[in-house]
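What follows is a single structure, written as structure tokens, with notes after it.
Every chain is named by a letter (A, B and C) in the order it is written, and numbering of its residues begins at 1.
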Amino acid sequence: MKLGLTETKYLKDSIAVISELVNEATFKVTPQAIELVAMDPANVAMVIFKLLPSCFTEYDVKEKMELAINLNNLKQILRRVKPDDALTLEAEDNKLKITLQGQTRRTFAIPILDTDEKEQKVPDLNFGATIKTNASLITEAIEDADIVGESVSFIVQPDKLMISAEGDLSKAHIDIDKSEITQINVHDMNPLRAKYSIEYLKKMIAGAKLADDVIISFNKDYPLKLDFKTIDKVALSFILAPRVEND
Amino acid sequence: MKLGLTETKYLKDSIAVISELVNEATFKVTPQAIELVAMDPANVAMVIFKLLPSCFTEYDVKEKMELAINLNNLKQILRRVKPDDALTLEAEDNKLKITLQGQTRRTFAIPILDTDEKEQKVPDLNFGATIKTNASLITEAIEDADIVGESVSFIVQPDKLMISAEGDLSKAHIDIDKSEITQINVHDMNPLRAKYSIEYLKKMIAGAKLADDVIISFNKDYPLKLDFKTIDKVALSFILAPRVEND
Amino acid sequence: MKLGLTETKYLKDSIAVISELVNEATFKVTPQAIELVAMDPANVAMVIFKLLPSCFTEYDVKEKMELAINLNNLKQILRRVKPDDALTLEAEDNKLKITLQGQTRRTFAIPILDTDEKEQKVPDLNFGATIKTNASLITEAIEDADIVGESVSFIVQPDKLMISAEGDLSKAHIDIDKSEITQINVHDMNPLRAKYSIEYLKKMIAGAKLADDVIISFNKDYPLKLDFKTIDKVALSFILAPRVEND
């Protein structure tokens, strides 16, 4: 396996975001894509990541392989990438070798881990509402909610998405109206409502580094999914378990 | 009560500064102004704040009311104000409701506290010296003094203000000469001297966010007053008890 | 003794760097230069510093004198220097008096310490390799190495300098090829190798504030020397003891 890339942003930003949720993960490298499906240690959140060959200047993958990696190690190395560096990834002798060629040639090697972890399956979910909007609006709303509480309710009706949090004494409530920026698809006229952890949402919404827009899908007291996509390059999704109302 | 403002800076910066000194405070809202007089918990410093109706785009106050608020809560919400947001304040059901209307509509509610605190009276002080100067000169001088000690002496004579601090071994001394920038009014030819806590002065001088100039008033071993004013908009003053010479 | 300077950068940056390694030090002030030779408290690193009269606008030193100073005190004061300040240093009554003349006149005094420390002698070293290169390349290489380990090996051969670190599981290796930017002088065709503490190197390479280039000298399992020089102004060198291979 040998992979070369010059536009290092997609790999670097994705790993930075994913490593906030998952410590170790197994990348599946195939001729079609680099993929990752992983649960966070508390089993509350799932990460689904796909990086396409069109991100790479060289994509030499003869056969499918699995690479279990400590993501924190990988993140620390990717942080060292400078804008003009060309990056190469190679699997060699149970090591992932990362070469940065710029004014100097810098080579890092991190261990490929043994793992007997069974493959994570992406669950088949049935969403009642899908909202596409500017990721920064959702980032702001989650930061607003973070002032007053630890969990946040998403409530959607055909004309608006509402994000709401309540603390012991204080409240925050954000209305995001349907508009050119915000598309809302719901089947039901009744509002749908579900509650999620702000701590997790803050880590997930960082996917906005990869894409200006986010697609939010959820259902009544049901998991929420966030999708960040750049066509032909990268797709990063998160699934987050709901909090039950008496949390 | 309903108050609307688009130039949110005066309210936001004032609360940020005051909340460093006072945790809970009672605003007096009248048709003429929003006012606050409060002591810090250690009873060393007084804050006197006045925000005028001309800061507001809507100022609907039918009758005088008192609003006891946790200033830290209020500060956290005001931090979320973005430059283009229009801000509305309403008192409703023992809550202060704060609405930020920008690309989305964001509403926060914080409790109006019960308080049996009696009204603070601003003391009638008799100052021997008044200095008007650029607030940044005083900020710098206090930061200089902070390197060597915990308290600082203000010494004034007709031609200059001196700010002086002494640690176990080190000393700092700043001379600010009378000039176009620095106006000095003293009645006595003999230097006046008094000593104050640097920790408090650092919090108070942050009032420079509101006004370029500061008026400093003090007397021999007597309280010091700092005034920050923007005509027709806002006035923020602090009174600080002196340290006795053998502190 | 009275010294005046307007280009305060050389003094300020040097003291900031040196104070990370040495707490108290004795400056030798002569008509020819201000000099300092000091060991760090752990006796692992030596600092050799020289500031030339051409850095000063006034250099009035009648006779040789010694000034023992707490460098942290001095650094804190030099941090308060603003770009337009003229700085004056005077020795007076067992105090070093530092005056900053800008929009105000600010005077600091710190104690001149008693010291019975005997003068440090710069050791006579015999280096097998000398490399002159851009200091930022070495800074980057040390930061790269810092991700994986606590010590770093310098390996030099006629055509390149290699910097290499190994942790429990990860590795970093940087190749800096001979080029117009990187001059390499070695007498032997066999690679020379020695190992040093990354913690110390990070503090020393901060000398790059003073000069774009660094001269690195070392030998097999032998001390390393870093030289930062600005002609006619300042010279700052560090000598660092090697780590033995079984550290």
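Throughout what follows, contacts are C-beta pairs under 8 Å (C-beta built on N, C-alpha and C of every residue); 3 or more make two chains touch, one makes a residue touch a chain.
All of these numbers come straight from a predicted model, not from anything done at the bench.
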Draw the chains as points, connect those that touch, then say whether the picture is a line, ring, star, complete or other.
complete
Between subunit A and subunit C the C-alpha superposition rotation, given in steps of 5 degrees, amounts to 120
Between the Cα centroids of subunit A and subunit B the separation in whole angstrom comes to 44
Where does subunit B touch two or more other chains at once, residue-wise?
none
Help me check something: in the complex, which residues belonging to subunit A touch subunit B?
137, 140-141, 143-144, 147-148, 169-177, 181
Interfacial residue positions of subunit B with respect to subunit A in the complex:
73, 76-77, 80, 82, 95, 103-111
